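Per-chain numbering from 1; labels A, B and C assigned in written order.
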């Protein structure tokens, strides 16, 4: 009887499936313990922390390490879930907020006792991990850069310049931002509606646009925010308006990747493909700037200047912090310390993926190839201009300004809103976010 | 008593996983909860609702959502009905056709988004390659210039099979004698469809209409995944402005900006809109939905 | 042409009318999927330069499996989807049976409640559930899916209720005379005859978890998450450049089992829905 057969088959299949499923389900239902069990959960970028790094760290610390790919929303979701990673990757712009919200642990006592990480040896970029409640760069240390770069340096693709019949800028005389804009328009190129070269790509597709603006403003001792961080001030500050206008004009010129003319890829890959004439990126990118296409055709240039007082700090200061909620701070620190001062740190220094976070490792940066030598020559000049801090706002997250900028840039470039309205919208949105942040931490 | 025992798993689940969280969400919508820390938790009264009503982004997003709904739901319905009528004909390979139309419905959203991303990709996509044959130098970046259009195609394509099957069920529930009788009376095929089949299908049309509207108003994952970037999609991706829909806005307020309280208020307002629309539809349904015949 | 003639013999024009639209529609529906397969078989260097692959690159499929730890994530997806589907179908059938065959005060209202939870926007429910799971320490585990499964699915409850309501009452009466309790009647009489409804609801429950991206993206972590979350990210070369062709191979591997299964099982689904009668 067909009915019986089908029933038997169903029951058999069900039993099999139940058996197959039960064991892993039971295993998977055990909540993964964070800390206290010799396991440290690290949220970081798998591209800069691979499996070999993990094994090296595990061997050095006798701890088990679980990697969670870095992503701001995932980080907050894990926090909201009451299950934050023990150690997580951050960038400088977010640090004041993490400290204000008591999300990260004060590491000053650990640094004081560390044999690997001595306060005198710390590169100045680590000052981004200090916040005393009023100012970035003051007070106790809450984290450390994994490495850093003077981030406003330029990479020029000489083929694009040859193509446009324009001379490649000198690597000894820094450009002004105005010269840079003119140059960008000359080397920018489209053919048959398709992109050949973007003239000047910067600020990581505008994700870091506020950092670029703040560094330009800092040349005149100014900021995007009022001194107490309670408001954003663009339209009330002529200098800030000028800087924002400049960055806006670059987008309107069509020399940069924008929401109405995006690249599906990340800018590093576009440069490798020979599609970017001038790229503003940190020293670390020199480790991969040369692809089959750009090899021998890439020049490293000093950071441009806005008002004649050249500064070239890091704007990312990518590094690690330890969660305030970690259940085993000592284990978290052990991993942190090894990563920042142990063999992984030396490996990173040698690879050229950024300037080391420890001054004692500076000498390990690679300088074999002609390009590496040229890069090092320029870099040495930049290091003296890199000991600066940008005052990031403690009330907002590191993406708040950029999100608002990108959102409003689209209608502005399409001519649906004026530049003035563009600025007003950003101010209104960022001020709302600041007010939300203040309300949360009761500031 | 037996009844309550039998439904107890659902009842228990309903209380623990629906009722209590919903009450919690309602309470949450009157607080500043940030999802991180209970230390700063405070009641803010109706502030979140007041803010939502003045939120330009929420209004914009709601407008886009209603626009999408007004396009996707009617077009989708007509297509689903047409597909059902087509495969319900005595044609050869009707099973194969039915399978083809049904397939996109079972393709998971992540895969569906990838399929369309690559299909309309300016460099490797078939659409531009085919149009390029007719129009030299054709270079439309669909996901940048017409993201809502692509999204509408994706959702219509993805939902068509599900609606078609429900229509097929309805069609097969219509006794064949009705149509045969009409044919014998001299009615044409079109007339039979118009005066016999369609009126008898109105309950199914109504069902598909209501579910279609509820789904369209809640659209979230597709627009987020359909961002123009090719590298990957993370939970924090913000779609292009055209595809900034209401639930996307609420999602970003909650999970990116950590405004759990405010985001909850936004979602309750959406629930009110969904409920209102559904009630309205049920009211109008008395005029046009034909419940006369029990198949 | 008269009606009578037309019915006797179909002319080429009528064949065209009958087959033209359906063939065009089928091509339109299948084309994006066809392009997925074409792309998955190209060399990466052919992406954007050649319309069709010169040599079929089956190696893309091997790469897709190797580069993404595909088996691991597929197992996660399979385990989670199967577990949820088994639990949800069993519980929903039981609850649907209760609604269909046993009366008690408040039954109608409770059934309306089932339908109502179906209409609550997903995120309205998910956000507080997320907070709840978080506070209970259940994020990063499969418990949320187990709990969801144990409380049944409103859709499946509805389906089973409709399905069981059409069963003849005499079945119960005869069994009751034999002294069988409600649970035994359910297991021995109703379930064995509920094939189409079980198949249809099991497939939908399975598919919901297999295809869902949002919940695992927010609730699970890299090591125990599902294939959907992994597939949301492109495959990259060591420089971080996207490998569209390998990505499409991965996507194909992610959906092909479903497609094969559905091509085989779709008549069950249709029958399940037809016999259930959506109209109620």
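Keep this in mind: a contact is a pair of C-beta atoms (placed from the backbone, for glycine too) under 8 Å apart; a residue touches a chain by one contact, two chains touch by 3 or more.
Everything numeric here is computed off the predicted structure, so don't read it as measured data.
If you draw each protein chain as a dot and join the dots that touch, every dot ends up joined to every other dot. With centres computed as the average of Cα coordinates, no chain lies farther from subunit B than A.
Subunit A and subunit B have Cα centroids lying 36 Å from one another.
A separation of 16 Å divides the Cα centre of subunit B from that of subunit C.
Annotation: 39 Å between the Cα-based centres of subunit A and subunit C. Of all residues in subunit C, those that touch two or more other chains are 131, 217-218, 240, 242. In subunit A, the positions touching at least two other chains are 74, 77, 80, 264-266. In subunit B, the residues that touch at least two other chains are 35, 121, 230-231, 234-235, 255, 260.
On the side of subunit A, the complex with subunit B involves touching residues 71-74, 76-77, 79-80, 101-103, 192-194, 259-262, 264-266, 397, 399-400, 403, 406-407, 410-411, 433, 436, 439-442. The residues of subunit A lying in touch with subunit C in their complex are 3, 6-7, 10, 14, 17-18, 20-21, 24-25, 28-32, 47, 66-69, 74, 77-78, 80-83, 264-266, 268-269, 272-273, 288, 291.
Partner subunit A is touched in their complex by these residues of subunit C: 75-76, 79, 82-83, 86, 130-131, 133-135, 137-143, 146, 192, 195, 198, 217-219, 221-224, 239-242. Contacts from subunit C toward subunit B in the complex involve residues 3, 18-19, 21-22, 25-26, 29-33, 35-36, 38-39, 47-48, 51, 91-92, 94-95, 97-99, 102-104, 107, 110, 113-114, 117, 119-125, 127-129, 131-132, 147-148, 150-152, 157, 182, 186, 207, 210-214, 217-218, 228, 231-234, 236, 240, 242, 244, 247-248, 251, 254-255, 258-259, 262-263, 266-267, 269-270, 273-274, 276-279. Taken in their complex, subunit B has these residues touching subunit A: 32, 34-37, 39-40, 121, 137, 139, 144, 228-231, 234-236, 238, 240-241, 244, 255-260.
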